[in-house]
Amino acid sequence: MPPLEPKEIKVGVLGATGTVGQRFILLLSQHPYFVIHGLGASQRSAGKRYSQAVTWKQTSPIPGIVREMVVTECKPEFFKDCAVVFSGLDADVAGDIEAEFRSAELIVFSNAKNYRRDPLVPLIVPLINASHFAMVPHQRALHSPPLKKGFILTNANCSTTGVVVPLAALEKAFGPLESCMITTMQAISGAGYPGIPSLDILDNVVPYISGEEEKIEWETLKILGGIAEDDNGQKAFDMHSRHPLRISASCNRVPVIEGHTECVSVRFARRPPPSPQQVREALAAYTSDAYALGCPSAPRHTIFVHEESDRPQPRLDRDYQMGAGVSIGRVRQCRVLDIKFVVLANNVAIGAATSSILNAELAVLKGYIPSVSAE
Amino acid sequence: MPPLEPKEIKVGVLGATGTVGQRFILLLSQHPYFVIHGLGASQRSAGKRYSQAVTWKQTSPIPGIVREMVVTECKPEFFKDCAVVFSGLDADVAGDIEAEFRSAELIVFSNAKNYRRDPLVPLIVPLINASHFAMVPHQRALHSPPLKKGFILTNANCSTTGVVVPLAALEKAFGPLESCMITTMQAISGAGYPGIPSLDILDNVVPYISGEEEKIEWETLKILGGIAEDDNGQKAFDMHSRHPLRISASCNRVPVIEGHTECVSVRFARRPPPSPQQVREALAAYTSDAYALGCPSAPRHTIFVHEESDRPQPRLDRDYQMGAGVSIGRVRQCRVLDIKFVVLANNVAIGAATSSILNAELAVLKGYIPSVSAE
Amino acid sequence: MPPLEPKEIKVGVLGATGTVGQRFILLLSQHPYFVIHGLGASQRSAGKRYSQAVTWKQTSPIPGIVREMVVTECKPEFFKDCAVVFSGLDADVAGDIEAEFRSAELIVFSNAKNYRRDPLVPLIVPLINASHFAMVPHQRALHSPPLKKGFILTNANCSTTGVVVPLAALEKAFGPLESCMITTMQAISGAGYPGIPSLDILDNVVPYISGEEEKIEWETLKILGGIAEDDNGQKAFDMHSRHPLRISASCNRVPVIEGHTECVSVRFARRPPPSPQQVREALAAYTSDAYALGCPSAPRHTIFVHEESDRPQPRLDRDYQMGAGVSIGRVRQCRVLDIKFVVLANNVAIGAATSSILNAELAVLKGYIPSVSAE
Amino acid sequence: MPPLEPKEIKVGVLGATGTVGQRFILLLSQHPYFVIHGLGASQRSAGKRYSQAVTWKQTSPIPGIVREMVVTECKPEFFKDCAVVFSGLDADVAGDIEAEFRSAELIVFSNAKNYRRDPLVPLIVPLINASHFAMVPHQRALHSPPLKKGFILTNANCSTTGVVVPLAALEKAFGPLESCMITTMQAISGAGYPGIPSLDILDNVVPYISGEEEKIEWETLKILGGIAEDDNGQKAFDMHSRHPLRISASCNRVPVIEGHTECVSVRFARRPPPSPQQVREALAAYTSDAYALGCPSAPRHTIFVHEESDRPQPRLDRDYQMGAGVSIGRVRQCRVLDIKFVVLANNVAIGAATSSILNAELAVLKGYIPSVSAE
């Protein structure tokens, strides 16, 4: 049974005219309780109506609620009525702006990479490590000056999100992993707009995405790891260090519009490893805290396991459950490691805006948004 | 200095109207000494002029030499003047027809999969294991009745060819490999015509190609292995058994017209393994017997090693050296195995027709075509 | 206010495993009163559960209501409880089967081309010429033996549908057209599955679609024309003959998955012709009988007129109003004829299954389905 | 018989690092007598070796002759040894730079649009209107101060070039045209690099290209028209004014890499108009001055007329004759105008760099390059 929901929570969107911002707006315009109250963008857009400021690139029209809303600059004073702000800002400006919002006691759910490696900022894939919210009080306390309400919380890179979901499910069922090989085939929408020139990707594969392999290899450890506490009560992300996990990623761009496909192979610490059938069952059975707690945007099936030999495919499977879950297929033995399979995750839904919104829903349900009583 | 070349060798093409057959014709029409003398196809095409029988799908026009040539059925009597036949037949008919041609003392260079696993038939990637020609006398001798001239020789599957070239170069430089992970992104032309329906591949990835992973995993062992001899002088392919090599392949179809891209990671038996720079140098330095012996279709650079971070790419690199070599890039360390890199091979050139023709050139130069004196 | 709706009308789908059949099933599974009761397919599929018989190619899963339903052959005896059957049959079998169903007093809404040129069968684009239902009593009466209930009604070819909607709106507002030039850029889904081989269309345009230009040039005249009555009370489609209309179509296939784009230029009989602005207003103001009568699948905006200079685009606009309307943009003067514009219509929605279902809704509302009282 | 050729003519390339510049370099590196002697680019590239300055996007490697050549700024002093400069400059800088080069007595063959509408600058499609060279002495004389050698000569927009070739051939054979409707499906390479974002064109058509329709409608009149002389001996382009020709163009971008496809319909002044077969014959028989005079880059077949019903297609036909000719197919009657057909022209070959080079070859052969004696 879902919990009592809050009536209405005012939210802002930073980077509202960009690709991720547009997705935030589409999703929030249909949200049961988040209501868009502010739109932040660059100085160039500030003062314009949203429909004039944006180059809208979505397949459904601009939602009525924002069409005539006036865009402001990304300054906290314009968002003080918002309980939450979602940031779809580019990395080159996200660092300063998000910090400024936090200092102003605003709560920031960010899709940018800037704070993902911050030792006090949780990097949460909402289907996996909601437990990392535990770092929030610590982040507030160590801020100078200490904060009562503000914090920054990030979600993961889109290609990381796809792969950590099954990895977490496997560790939960079968204990720690020892190594993991990942080869991605990533959609062009992961690069934003204008992003990839068509001359680079039509009838082509680009076997390189700047910084992407490092993100997967690093973020996965933070997400799958726990929070350790030292003798002084200082908390720190342990980076999966109790069971070292070696991850090797190879990232490719392919001419697909939406949906990252990833070929994954894993080796378990335990011998003998689980069988493909045991893996299939464990993946299908995995349920997320987000769904258990009643987040309205959480997918019923965290992981959908395909039986057909040729699935998942991005074009056919990316919109299942509105892109909020992860699809897996071809679970089979690997002759080098133990088990291999194919993962599909919608890079603009669970891989970006949907994750931020789910994190905000978790924050509401877990009581991390002080001004809101969830009932 | 190239060796003396034969003046003219008459050749036939079986499956002449199909995708691979069309490539054979394009390449042979410009060959320095092979001259097309016979075209075999199905009963439906027999008796028609080639230009009427074929649905020509190449980007250059039908060569003048075959335009008005009359197509015959694939029966040895129509090809008795041919020193060599190239087979681009589909697997469902290649088995019987190729055997019949061999029995009739014809020499068959086949692109079909039927005899690749035959213990007496060499599976030769001409840039790599020309030494396997040594099985030919054995194949002739064990035929019933024994043959004087006829034999069947196959080239590898298109995705196997791409990956075995660097693997052979690495084993030559650094000793045996222990394991190898391969993830392919294969072009649609690999599936022939009509092949993949456009609805299946536009804006999509299909993470499955029937039988392909098994082919890579098996063929690679035969090609990289040697020929063993038992106490009775019986020869057999050793399947790399002296140094067991574990290979795991994951095959994907992507919306690319030509050129298979493969992400490869390897572990060497020797510790410590070579550095990325040593690997780059060894790959670039590798030269093929085919080039050393003077095969006219052999690429000058067996392996071209790219320094740019985002190469090779199929659209940009598939036509380099007329698609006869292999391109490699992104040689770097792997956190799970030792070294990883990206391979690009043109699936319709070195991955198909070009390999068959190179094998025939090798046969000429090595004296396996009795009726031809190479001078 | 919408009229009272019927509670539930049982319907069948012929050609249920094909591309159009799958669309019928998707749409009908969410329909307010049509309920799928029978699934017809070829002998090969008969007897199987739908989920086993079909190669499902839609982006949402097989609806639960048909998943376990047993497929039958396309024979009337299996559909006698159905008030309506929708036919997505291929043209090579549709002729006989649809006639057999009609003879058995079943009502057939067909997407096939077989009866479109039949002088007694209405060819109805539901947003345009619902008045052609008037031919139904005539069709029944002239059948041998005369029918009480059964009839066949077809919708138009997908590319015709896109263009007749604005043409009808223009004729309604400004009187008869004199000539019309149409150049189409059609999606691959218009060719069914497997349809166009990917090797034919990736990085390509095919400037020819067999029979398509003739369909547009002929069907448009039937749809835009009226029904004439001779001295004996015999009714006949007048093919727009009172104001001869010359139509010239050029049809192209482009690498787009869904949504036909058409560049249209028209010349009006009236001089001076309307201005672009008058045309824009007339198009936007046009409302369909289907919407006015309350068809639940009718789009609110029959024609959506874009103001942006670069719209409509298939990828962005094909799903607007669930693909049930038509999008138009770039209305401007033509230096050769009078006015030119761009039309986008979703070929699998309004261009196929949606039109058939709208026609059936019209039949319900107009009382052409005797067993149903629309209350 | 070809004329005696000059031994070697030094040429420069302006905008050498851009898309068109790269094509100039590829073509010139294999030219029988033009030899690249200077490379001009922006200040950012000046001083670097070409291989470091360029982001090379061609499918064959950087030619050896330019790899280590040092790039300069686009100033005449760096090109004074060049008999000719080819300009692939962007329109925002081409105007000033090209004028400066002309003032310095350099001869500029420009692919930019800036001077196409200049009343003294010939706009020459080399397969068509070589006669417009007659304006060159006039351009020199009216320059202030008058020039002895320098002039600017432009080629047409890529989509114009495709269509004027058959139009000129038809006018030559059958007299003046009265009207012409053109709908283009243009390749992404026509927009340069980075050009069209992949998110805008994958699985899509964009029915608008800024300024393109106006270019086709205007340039065609200048090219097809003659040169008139007034009573004072003043020469002017007559813009086809003796036989007014109405042209209406609709331009679309499609996901094709190279090769513009255009659907064209024409009405002749003469009644009755020629038959489709007469048109086919006239098109196939047309020969260009460029070929007749012996330009080495001129295609043997100015127009190749396809008989197959589904040709020309960009992927299959764009490289025929190295893209230097024009392909036409589907010549048939039009129900609105007289005759319709499909044109394919390679936008980066005959539509851009090849045309400029052909124009320079014409200049050599016609004696417009004073410093060169063609022998």
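We just call them A, B, C and D in the order they show up, numbering each chain from 1.
Here, contacts are C-beta pairs under 8 Å (C-beta built on N, C-alpha and C of every residue); 3 or more make two chains touch, one makes a residue touch a chain.
As the structure is a prediction and not an experimental result, all values here were calculated from the model.
Student: Just grab the chain with the largest centre-to-centre distance to chain C, centres being mean Cα coordinates.
Tutor: The chain farthest from chain C, judged by C-alpha centres, is B.
Student: Across the interfaces C-D and B-C, which one involves more C-beta pairs in contact?
Tutor: Most C-beta pairs in contact, of the two: C-D.
Student: List the centre-to-centre spacing of chain C and chain D in whole Å, with centres computed as mean CA coordinates.
Tutor: Computed value for the inter-centroid distance: 44 Å.
Student: CA centre of chain B versus CA centre of chain C: separation in Å?
Tutor: Here the centre of chain C sits 50 Å away from the centre of chain B.
Student: Two or more other chains touching the same residue: where does that happen in chain B?
Tutor: In chain B, 57, 202-203, 255, 257, 315-316 touch at least two other chains.
Student: Give every residue of chain D touching chain A within the complex, in rising order.
Tutor: Touch residues, chain D against chain A: 57, 188-189, 193-203, 255, 257.
Student: Can you check the complex and tell me which residues of chain A touch chain B?
Tutor: That would be residues 179-181, 183, 185, 202-208, 210, 217, 246-248, 250, 252, 254-257, 261, 263, 265, 309-316, 329-330, 334-337, 340, 342 of chain A.
Student: Taking the complex as given, what residues does chain D use to touch chain B?
Tutor: On the chain D side, the touching residues are 57-61, 202-203, 257, 315-320.
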